[in-house]
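Next come two complexes built around chain A: one with chain B, the other with chain C.
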Partner chain A sequence: MRDWILYKEHTFPLIRRLNKHFEIIAPVEGKGGDIVFDPITSEHDVVLDFTNTIMPPKRFFFPQFETLFSWKGKEFTLAPPRGAGLTVPLKTKRRIIFGIRPCDFSGILFLDGYYALAYEDNYYFTRRNNTLFILLGCNEPQEHCFCLSAGTGPFLKRGFDIQLTDLKDRYYVQIGSRKGKELIERYDYFFRPASREEKEENIQTVREAERKFKEEVDFDLVAKKMENEEVPESLWQELAVRCQNCGGCSYVCPTCFCFNLIDRVTGKEEGKRMRTWDSCTFSGYTRMAGGYNPREEKKDRVKRRFYHKLVYEPQQFGMHGCVGCGRCVTTCLGNINMPRVMHEIMK
Partner chain B sequence: MKNIYLPQLGKIKRVQKETSDVKTFTLAPLRGAGFTFFLKEKIKFIPGQFLEISVFGTGEAPFSISSSPTQKDLQISIKDVGSVTSALHNLRKGQVIGLRGPFGNGFPIKDIRGYDILFVGGGIGLAPLRSLINYILDKRKNFERIIILYGAKNPEELVFKDELKGWERRKDVELLVTVDEGDGKWKRNVGVVTTLFEKIKVNPKKAFAFVCGPPVMIPFVIEGLVKIGLKDERIFANLERYMKCGVGKCGHCNIGPKYTCLDGPVFSYKEIKGLSKEF
Partner chain C sequence: MKKILTTCTYCGCGCGLYLQVEGNEVIGVTPSREHPISRGSLCVKGWNIHEFIQHPDRLRTPLIKKKGGFEEVSWDEAFNLIAEKFKRIKKRFGPDSLGVLASAKCTNEENYLLSKFTRAVLGTNNIDHCARLCHSSTVVGLATAFGSGAMTNSINEIEEADCILVAGSNTTLQHPQIGSRILNAVEKGASLIVVDPRTTQLVSFALLHLKPRPGTDVAWINGMMHVILKKGLANLDFVKKRTENFPALKRKLAKFTPQYVERITGIPKEDLKEAAGIYARAKRAILIYSMGITQHVTGTDNVLSLANLTLLTSHVGRPYTGLNPLRGQNNVQGACDMGALPDFYSGYQKVSNAPCRRKFERAWNVKLPQNKGLTIIEMVREAGRIKGMYIMGENPALSDPDITHTVEALKSLDFLVVQDIFLTETAQLADVVLPGASFAEKDGSFTSTERRVQRVRKSINPVGEAKADWEIICDLSKKMGYPLNYESPEEVMEEIALLTPIYGGIYYDRLEKTFGLQWPCWNKKHPGTTFLHRGSFSRGKGHFTPIDYKPAKELPSKKYSFILTTGRLYYHWHTGSMTRRSSTLHREYPEGFIEMNLQDAQRLGIKNKEMVRVISRRGKITIQALVGELIIPGTVFIPFHFKEAAANLLTNPVLDPKAKIPEYKVCAVRIERIER
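== the complex of A and B ==
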């Protein structure tokens, strides 16, 4: 497909125009000064010189708290009147996620695969299918980034709707889907076709970015060693001592999908079923009624977490459960983090 | 797209007390003739499959279906051990529940025709086996010997007492019951369920075995069955995990690369062996 150029001075006008028809979710400066993904009120909110947001935009598809359905009615649980039923509040707007990094978008591609296994998760896909993704590739990977090793960045070759590469005063614009093509066609007056020189400039920019990575890990080697049980139990034991059961690694992870289902009573004969994020590092995660807990030991939970992401998920549907965003590196209180564990295993 | 988390409404049609803390609930749709779910027909299931039952305001939990698909009633048999089970125990006839399912693989009913079938159950673990036992008894001529080994802590904790008597009276069923601790009136075997193995003769070439009971029991029973000479792929066990969503999404029931709710809850010993030491 043909590539395009968007001048930087046209970016905000483009966002303003898009915002008339779409809800735009983009990196903005939060109250504490952190860069976070949020719906914008004006194009001037958008921050595009950021490394990455503190949280991936996962919550716009899989919210941290979500009502699945609610019930209400006189004597609902005793003798609900005819017509009384469960109400599903799921509504979505057409949305654009602007400026998502390739690693985080790869997390979305991972969730697409997972939430479609066996049964489609209608809550996830209702939002997902209404969203268009405009990626912003990474010219400057950070200290803890290892998307190059994970095959999820710093630029993607496919899967996206639109991907932007920063060429100083311009963005190089690549189209990856029909949805992306239609958007560019509709707003074609903001773009012009890329020249052959610009195409070359884009390739050079990608190559330069790839050379800047400090962190390098070998996913295949690690998975092989884990499958062959060549990892000493003492490693998991040592990690278990460091794990504080806080669940932070799961909450910041673009691919973590586990959830809990809970009921909240909101009044007499009135309540809702909610789903909330959960984490496999919590001790109650596998505990059953009656108290039996197959992963009572912290060591088993930590081990499980890494086996799931590095061995089982690639076996199940061919994708690592890690996109190399590096968030768990900065989040973990006990300094357990993906690249560190992988280096230990690679030794 | 179907809403996989939305239960359909049902009601408690009948409550049967089994022991001091086990009740069997017969479920019926709130209105209309039958439950429907993913299939656009009356709820049909395979023995060994499970339902997600909601008590609105308390929560949802997975329960094996304890009745047979060859019977009219849809039943679950529940021990009062946690919050949802306790809320269920407090429900009376006519009260509303939510229901999703049936989920899971169920027992391999197509593969076992023409074989001897050996059941080994412990405590409330007889509930899913009962579904298959009654299914087989309703199609009795398709099967050879039926042997049921059942154990409970004490005589009071034996579930389905009336049905046990019925099975015992049948000439085409071999039933052996044991308790860990007898009382004054108990005249049968005392000891864990594996002590019944020496009292039966099984031709391992002709048999399939189905095991369900407390997690501590299962490895011992499997060990006994392997000793008798049963092949790994002919031994099946129901694994217990908290299958919160039932549809392979929430993550809680995973064992190795498998999801108990999708790939199980019935696993052959051959599969379980490959699932690391986690089971």
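== the complex of A and C ==
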């Protein structure tokens, strides 16, 4: 497919135009100076020179807390999949996530696999199919980034709708899907075809970005050693001692999909069934109704978390359960560090 | 922007977080990464804070008890009844027959207004709050030693210390951000000493773990000082220049030899010597303490002893070096600062001090009472004298010691008003219940344990007909003939700044652009204060108070052979009114337990997870036993969150004579196996 150029001075006008027809979710600056994904009210909200956000945009597809259905007596009513933080009902407008990083988008591709595993999860896919992704590749990896090792960045080769590469005064625009192609065609007056030099510049930019990574790990070697039980139990014990059971590593993880179902009674013979984020580090995650817990010790839960991400998920979904975004490193109160653990295993 | 920046409502760390809102619903949380404390992380309670906010059990309308049951009524009807009853009680029995409990969960502005309402409208100084139950001994002790009862340092300074001594604080669980700072310091090479009868998570990172018998803190602290003096490790130059009353302390310490201390505390003498040496030799020593020190009949003595230790070693008044009481609640520091105390106006200005009183009389345009009011436990214990009570956001029917007595006392009141977000055990006893707003439903400010005053921002409208607590106080005051006219909490803060020197420079426009300001902040140009007592102490010279060891009030006997100590879990908050309604948190610990040592359990024939009966002189409960080696033999632990097995049915209501804090950390119990 042909590649395009978008001049940076045309970016905000483009977003303004898109905002008339789509609900745009983009990196915006919160009151405390934090960059977070949020629906925008104006194109001026959008911040594109950001290091990655505190949380991935996962929650716009899989909200932290949502109602699935409600009941009254014997009547059940399905709750419509809501927008998860949007300003308008989901069905009335299509959504664009503008500026999502390749690692986070890879997380969405991963979730696609899980939420279609047994059956298609209506809540997830209504939101997913209603959304178009405009990726912003990463010229500058951050301290804890290791997406290059995970194969999820700093730029993607396929899977996206549109991917932008920062070429200083312009963006190099790649199309990866029919939805992306249609969007460019509809707004083609914002773009011009990329020249051969620009194509070369894009390749150079990607190479340069790849050279900047400080963190490099070997996912395959780690998985092999774990499968062969070559990892000493003491490693998991050391991690368990540090883990403070906050659940943060799951909450910030672009690929963590686990949820719990709860019932909330709202009146006499009335209530709603809700879904909330869950984490495998909680003891209640595996505890049975009778009180027996197959993973009673925190060590076993921490171990299982790493096995799931690095061994079982690649087997089940054909993708690593870690996209190398480094968020769990930042959020962990006990300084548990995914790449550091992997280095430990690689030794 | 649908993510609203606010301050967490659980512990005193004061994390910055964004609430994610859809429509009028809070559906998620994002930690702030720029915030100096949260730095991109939260504890499990913060991460799940949205779960309680709009729970179906929230109180949505005012309630009046009629014929034994609650009936929904209008705000007008509720206010009319309260105004009428309070006026009648005041007229018949005098203003001091009324008592008020403020709330460490509510904002600074709300606590200030409630203090104003109590003193100016009800006309009494009978106002107190749960700080009495956690750190009143700190306030009294550190005021005596240094002149100011708060953390001397800031949370992030802990990372730079080279020695950290943690006494009676389960820091990773109760102040997770501070626990994380301790871990960072250890990773950078700091020596950690933990003093606790329980083997907490911190112990895994500690160089040394001292396990004193509960209630013997003065002995080990005096013992450390004895060793420090003997080894010549005291900083006598500092002692000479910046302190007073050293000779008296020195005399007192003479008998606290390591052998003598070992007999009292059970701490091996070699360990004590080693700990003393490490602490005294450190260049940047941070001492952290919490309820394990304060909740004793000797709470003030314990705090004074720790202050002595820091003065003797000059480990106070410098960056990365000091004495740091960790305040538990999100705004317990603020509620104290605002004068929700029987003896102080805002900023610790004494009620008994005539110029202070005149200042407030002028500002509030009313004659104010002079005599010191009653403390929490005194109000309840003197229920005969107190006829009417107003309780905002507190749950003494589960949190007081010996709650059987508390419940009887609350029932015997002529009139009880409870303002809360859920129908708590206390609210169930009320004549009128007023639905307040959660932290997500109002504007205001909280002051964290490091004296950081930060904004709380309204994210959604209050549920049902609930109202922000400051609005409720203003409306009620108006009904009682003293209009409190404020447009917003911002206007209340302007009044606070005007009347409270330590908050003199704290205005909303300054809080807007920053993550808060740390008091003392004397004027609008003042940048706030990261650590206290640089150059000189708030009171001038640091004061040594010689302290003798006194045993706990209720020691184990033949009939009650175990020491019970109480506390909290990581997943629950106090009486559980919020956390037990948060599905993620409640699932982790759906019920209470008693933690006991394997030796004791084997002797009594008790197996892990078996139900046992725990009996004290005041009550008995049935509870699951968790058997292990995380607690010393002879001592047992029960968390106080669970009403089904309430630890406070057992605890001893005996008070520290100076601070009036109850001895939650020591009482004698008997444990019985339940025959099947």
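Note that the second predicted complex is superposed on the first by the 326 of 347 C-alpha atoms of A that agree within 3 Å, B and C clash if a C-alpha of one lies under 4 Å from a C-alpha of the other, contacts with A are read in each partner's own complex, and residues count from 1 in each chain.
Here, contacts are C-beta pairs under 8 Å (C-beta built on N, C-alpha and C of every residue); 3 or more make two chains touch, one makes a residue touch a chain.
As the structure is a computational prediction, the values presented were derived from the model and not from experiment.
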> Looking at the overlay, does A:Met55 come into contact with chain B only (first), chain C only (second), both, or neither?
Replying inline: second
> After superposition on the shared chain, which partner residues are touched by A:Gln204: those of chain B (first), chain C (second), both, or neither?
Replying inline: neither
> With the two structures laid over each other on chain A, which partner does A:Tyr312 touch: chain B (first), chain C (second), both, or neither?
Replying inline: first
> Where does A:Leu117 make contact in the superposed view: on chain B (first), on chain C (second), on both, or on neither?
Replying inline: first
>> Just checking: does A:Asp278 make contact with chain B only, chain C only, both, or neither of them? Give me first, second, both or neither.
In response: both
> Which partner does A:Asn260 reach: the first (chain B), the second (chain C), both, or neither?
Replying inline: both
> On chain A, what residues does chain B touch that chain C touches as well?
Replying inline: 82, 85-86, 260, 262, 265, 278, 287
> Of all residues in chain A, which touch chain C in the complex?
Replying inline: 28, 30-34, 36, 38-39, 41, 45, 54-55, 59, 63-66, 82-87, 241-242, 244-248, 251, 260, 262, 264-267, 276-278, 282-284, 287, 291, 330-335
> In the complex formed with chain A, which residues of chain C make contact?
Replying inline: 1-5, 16, 18, 20-22, 27-35, 39-44, 46-48, 50-51, 55-56, 172-173, 176-177, 179-180, 183-184, 187, 201, 204-205, 457, 515, 570, 583-584, 587-588, 609
>> Which residues of chain A touch chain B once you look at their complex with the stated criterion?
In response: 68-69, 71, 76-80, 82, 85-86, 88, 114-115, 117-123, 125-126, 257-263, 265, 271, 273, 275, 278, 280, 285-290, 292, 294-295, 300, 304, 307-308, 311-312, 315-316
> Along chain B, where are the residues that touch chain A in the complex?
Replying inline: 1-7, 9, 30-31, 54, 56-61, 79, 81-85, 94-96, 98, 214-215, 240-242, 244-245, 247-252, 254-257, 262, 278-279
